[in-house]
Amino acid sequence: MRRFLFRGLWCALLLSIALGAQAQTGSSTASDEDAQALLEALDVGSYHDKGEAITAILQSDDERARDWLQALLDGRLQRTEEGRFVVVLNNIGRNWPVADALTEEPLGEMSRRDLDRIGINNALRNQLRSAIAVVDLYSPRVERRRLSAERLLGEVDGDLAGLLDTLISEEDDLQVRQRLTQALAIYQTENGELEGVETLKGSLHPRARVALNRAANGDDPIVADAARSALASIEQNLKLNRGVETLYFGLSLGSVLVLAAIGLAITFGVMGVINMAHGELIMLGAYTTWMMQQLLPGQPGLALLLSIPAGFLVAALVGIAIERGVIQFLKGRPLETLLATFGVSLILQQLVRTVISPLNRTVVTPEWMSGSLIINDALSLTLNRMVVLGFALFVFVGLMLIMRRTRLGLEVRAVTQNRAMARAMGIRATRVDILTFALGSGVAGLAGVALSQLTNVGPNLGQNYIIDSFMVVVFGGVGNLWGTLVAGLSLGVINQLLEPWAGAVLAKIIVLVFIILFIQKRPRGLFPQKGRAAEG
Amino acid sequence: MTTIDLTAKPRARRFATTLLASALAAASLHAVAQENDPIKVGILHSLSGTMAISESTLKDTVEMLIAQQNEAGGLLGRQLEAVVVDPASNWPLFAERARELLAQEEVDVVFGNWTSVSRKAVLPVFEELNGLLFYPVQYEGEESSENVFYTGAAPNQQAIPAVDYLINEVGIERFALIGTDYVYPRTTNRILEAYLQDEYGVAEEDIMVNYTPFGHSDWQNIVSEIRRFGEEGKPTAVVSTINGDANVPFYRELANQGIDAADIPVIAFSVGEQELSGIDTGPLVGHLAAWNYFMSVDTDANYDFIDAWIEHTGDEEAVTNDPMEAHYIGFNMWAEAVRKAGTTDVDAVKDAIIGVTVPNLSGGYAAMMPNHHITKPVLIGEVQDNGQFDIVWQTPSTVAGDAWSDFLPGSRDLIADWRAPMRCGNFNVANGSCGGSTAAEEAEAALAE
Amino acid sequence: MPNANSASRFWLTRPFGERATQIFLGVLLAALIIVTVLHVAVPRGHALHVNAYTVNLFGKYLSYALLAVAVDLVWGYLGILSLGHGAFFAIGGYAMGMYLMRQIGDRGTYGHPVLPDFMVFLNWESLPWYWHGFDMAWFAFAMVLLAPGLLALVFGFLAFRSRVTGVYLSIITQALTFALMLAFFRNEMGFGGNNGLTDFREILGFNLRSSDTRLGLFLASGVALALGYILCRAIVTSKLGRVCVATRDAEARTRFIGYRVERFQLFVFVVSAMLAGVAGALYVPQVGIINPSEFSPLFSIEIVLWVALGGRATLYGAVIGAILVNYAKTVFTGVMPDAWLFALGALFVLVTVFLPKGVAGLLRHLRRRSSSTSPGEATA
Amino acid sequence: MSLLQSLKARDRVFDFMAPTASPVDVRHGPILYMEDVTVSFDGFKAINNLNLTIDDGELRCIIGPNGAGKTTMMDIITGKTRPTEGSVWFGSRHNLLQMNEPEIASLGVGRKFQKPTVFEALSVFDNLELAMAANKGIFPTLTARMTGEIQDRIDEVLSIIGLTALRFQPAGILSHGQKQWLEIGMLLMQRPRLLLVDEPVAGMTEQEMERTAELLVSLAGKQSVVVVEHDMGFVRSIARKVTVLHQGSVLAEGSMDQVSSDPKVVEVYLGADEEAA
């Protein structure tokens, strides 16, 4: 891999010097024959020859070179039967729209059968990336320069190193300059130069650590000591970051549990209904998200936002249907509600299987939710989970407000405390039941919307969460939102703390056993609450 | 009808009974099968429950193949008739259904099963009632039954070439073996560990192994572990034997923690076109999969197959995958063997099918080996943004399936050969008996304490 | 039927005083005989012939029926809705499975005299301690009773002592079986992980792959069901049975008239668990495999449905329910795989909403005149 | 079977060989002492160092406004609630604070709830049989048989509570009053040394009340009876000695007339209640 890479960089270097020179003159365009010939060279069996061909393309300072390489990288540079090269614009389906690689004019659709890809492998892919990176060092666009600088960390070789000094001095973007300096320092450190070690002090980038390790084992004692001390301080710093990371993992897992369970906390806590179909309500929320994305192709973000109310609505409506259709007949028979709603869950699952598909559905993650928030080179927090965490808290606060501030909340609490009394005071308990159940179900729908960003959207989605949800609710204390929040988050954190040394399976088992034993000690959970449900 | 290898001491008794049973079964089959009534083809794939996702398409595949065969005039002048049952992703039910197919419906051949456990569940039934089972999914090996034909990949037809590719073509030096905790990943990873250390001298600390439960959905910790594992400077790859539903959250987590194929490529053995259809492949581009067939294979045979499939399902988006090709091959092999034998009688077909060669969809040929495994090419594909794989490497010639891995102490010196006179699924070349592994010394070890 | 109190003197013979028991045992016996005759006497291919496959199927139903009876004992008469009885069933099954594994001896694919195949290829160099002794039938069969019993004892002791009741109990029983499922999926546990235990050859020296053995197992299941039924009847018609019903309906009151409720609950719970274990042990050799999916919470809930459908607190109702549902399953998964889950789901809903007393309740409703004073027949 | 549990339980061996409760020592007269008993539910004192002694064979009425702590007091005696301070002795040998409900019950303390609770699914006959004093361990219960003397005992009680006709009917179908009676009957079956009766006549007709009165009076002497009642008329009709509880402690004690003439009592309670009655 490295062998390929360095050769790539070396020839890229020649090119870059050329480009550097041309910065004033502007680059030329090779004649179509030459261009055709250049591409012809790519269409060979051995990857070694392909490497050579790429070098050739780089050296021919053709302004289309970068586009060709990019197309090659994306596997969209293909050849027709009559041997002309085209770039595939969109490769979904059996017929693809293409454009001429040389003239860039669109040629309409072509059948897959008539096209041959110019294949590449990861090695070439790396060569191409680094080559494009070096080209991009000279790009007028800052973000391209950033990326390429990023990529050069630990990939610098002698020739490039010589070049970097000038680049750094010319570079006006601070970030790029820092990266380039680091890249250079790593190169120096690897070659056992003290100044490199100095610059790398406190840098958390893994490549820096690797370089320092090398230097620490190097033969020059002074450099070695410097490297060792640098490493020591870095290790300290890393430990801290790991701790933060694990905590974050725990909280995000916890937030998922809270989301999944909190709707249950309401239906279970207030109405004493054990809704086994809760998981399927979550699933419906997730499918709503998918639906929305189908309706609004190309705008996953907007679709996601819209599916928050939509998901709530869908789930809430189904919830009402369940309440009216089944649960109202089972007043005061919690265990029977368990059985009936379990039946409902089976039906809903199979419904999705037959109506939509037994296969999982693709839910796209919008730009602003993908990737991670980079705190430093060692710690970065994944965005989608951060959003979910925030969302969970938002839902929780929302529910709290509903329970504390609104008329409904008041009535709900009244009914929970003493149904008969509440009735006597003219609260329409049945109406409260319906609304409560709708609320609980709706929240489940919201959970589904969030989960669609983390896991499969498929018929079994619900099943994977129902038991955990019950555990969280019971552990936290039935009908107590705070309990659910605390229970969910703490279980999440416990789980993530255990996982590294116990392994995922054992961690889960330990948590379950812990909950069982805990219930023995405190049969009413963390925050017990008197009320109908509490009588079980 | 056959001679029993006299060296086979421990199994001889059971062996005789099996043959007896098979003779009886065969006789009874003849009793009911008149010349003109249709040949019954049993299909044993889950149509409901968790496995329905993967298996229902295989049922459709076999139905399609049967339809095509009938259009082409059937077999031996008789029409083929599909007998479909639903084991509902429930392992005991698999055994029950298998028994139904063989004892009740008296089918001539069965195509079915996906998971190893379901195969293990039906195995005794097929051996007892002497049926024929074609098993189309890649599996952990370590098995060769007289009544089962393994048209999926054995570890040496998938895992081993895959790491060869990683080491020789990509220059990988560290391996994270990540899998779901069941027998296929366990065995595969043990084979790979042994292989990497023996063949390439990869060091202990350069191999990381991790198992997760089915449908595992929280990959944060493991992925960040992988990230650190890969940050040590050596080029690193993940070898994934993660099963089904757990894949989506896994790849999502990879993407979100910023691990892309160029830094740490993931090569998967259980992720095919169908699985990808449920994932947003954008962030996955460049990750790898090792199979014996990809939908993107550029041959006319394949394009015809795809067109037929799309027509059969009436779904423009319908995808094909490796197990479907396995059934395609298996079905044709069986048909060929029936023609050769001139009858659907199980024992006759069992003898006839060994050595049968039929074209596969990737432009080569598949032959049935004496150990009831077949020859397959091994392809490495890279995920593309359109949910297809782009084939970046392939074995120069086809590889013969190995029932018993050379890299597991227990099975190193076992071979399977179902031709007369050996007729043995676990012949021990060391002590020349048909009685499994080097039992003697291991027995001492076990009894010692 | 005559009042339980005035029934005959010894508690074990009391149940025979009841018509329900007599009818039930009569029907069961008849069924066993008929099936046997039709299987053995009637020639193969004859319209009336019952083939090995069907016998095997019935055998499975009977073991399920025993399981259902066990669940009805705790749910119907004690009011404890256990969502974890699948666990006891599975443990009994594993105990039997381990015995059958050891019986394979050196006939496994690796021909190892001691280690089961899965241990050989997962590189276990020696037998884990908890596998010792299972090569002896008496030990294994004892474990079939003791292992589930012990689990029930410990779990029940903790739960009942701290007075975990109703929904909470149901949910932690669910947690119990879920945890066990995850545990048994782990290959380190040494129970074969997901593949479980399979490829059995012999039981007590009889070849498991012969239809005679299968007939034997079928009859054994029938007998076990009869005995289990009589035992449960004896318990519920005894004074203890009435204490259970009392506990179910008014736990505090029962305490105040001097019964240590938690001990009665524990006793019955353990008995029930043991019955479930036996059911599992009979189930495994007939289906030829035991794997962790038997621990799945969904299965445990399904068992409860059988009981609910048949009718709680009647015992024979449980049997009816178990056989009905499983027969339906066999039929529907065959003819309409897609619609099957709809049917099952609808069954859950309809039974709980419109048929709270199940089929048995329906039957009793049809013939009103029989006075229903035997304990527990009024559902709580 | 319940070996493990028996071992856990402090002071006993296997159920089936557990000794029946050792005789209650009443040589010093009183059968129940409550000394400086205090119960506080997070701060609020439901019982505030209550002192109460009941003599053997005495019939005692306890009255007091709502929240006076009458029911809590019963909970303490029967082991349902544990006091924060103080001591409760049954006779001079048994410390009730170290026993749980069943133990106390089998010692001879019977309790009738405010709201009548009988086993509705069981027949009247069964209800009485279960309540009957006997070894209530598991195996004795499992193997218990119906003997002639038990039959007689049950029939006797049935006639006392006048439910002979309904003996085989499920208790669920009884009227409210009949349930009250059945519950009293169950107390009788227990042959308790001390009966705690919480509002026995709630929801009874006049004549039912009278019969109840007679019954309770007739019981006194053989057993000690503590009656908590709101109905002043009823109390007046049976009371020899009356204790007035107020805010968890004894306000006054004595004959009905003494008590009702006590100004404190009149102030906090009677005055208001007399009009009501």
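Per-chain numbering from 1; labels A, B, C and D assigned in written order.
Heads up, the rule we're going with is that a contact is a pair of C-beta atoms (placed from the backbone, for glycine too) under 8 Å apart; a residue touches a chain by one contact, two chains touch by 3 or more.
Predicted model only: the values in this text are computed from it and were never measured.
Counting only chains that touch, the fewest steps needed to get from subunit B to subunit D is 2.
The most central chain, judged by C-alpha centres against the centre of all protein C-alpha atoms, is C.
Look at where the CA atoms of subunit C average out and do the same for subunit D: the two points lie 43 Å apart. With centres set at the average Cα position, the gap from subunit B to subunit C is 36 Å. Between subunit A and subunit D, the centres computed from C-alpha atoms are 66 Å apart.
Contacts with at least two other chains are made by residues 350, 353, 505, 508 of subunit A.
Along subunit D, no residue makes contact with two or more other chains. Those residues of subunit B in touch with two or more other chains are numbered 48, 181, 211, 213.
Pairs of chains that satisfy the touch definition comprise A-B, A-C, B-C, C-D. Remark: subunit A residues 272, 274, 276, 326, 329-330, 334-340, 342-347, 349-351, 353-354, 463, 467, 470-471, 474, 505-506, 508-509, 512-513, 515-517, 519-521, 523, 533, 535-536 touch subunit C in the complex.
Residues of subunit A that touch subunit B in their complex: 1-3, 47, 74-75, 91-94, 112-113, 116-117, 119-123, 125-126, 129, 154, 206-207, 209-210, 213, 245-246, 249, 252-253, 256, 350, 353, 358-365, 370-372, 380, 382-385, 454-458, 460, 464, 495-496, 499-500, 503-505, 508.
The residues of subunit D lying in touch with subunit C in their complex are 1-2, 4-5, 8, 15, 78, 80, 100-102, 105-106, 110-111, 113, 117-123, 125-126, 129-131, 133, 136-138, 141-146, 168-170, 172, 186, 190. On subunit C, the positions that touch subunit B within their shared complex are 44-45, 51-53, 56-57, 60, 106-115, 118, 120-123, 125-127, 182, 185-187, 193-196, 198-201, 207-209, 283, 287-289, 291, 293, 330, 333-334, 337-338, 340-341.
Against subunit A, in their complex, subunit C makes its touches with residues 81, 155, 158-159, 161-168, 170-172, 174-176, 178-179, 182-183, 185-186, 297-298, 301, 304-305, 308, 338, 341-342, 344-349, 351-353, 356.
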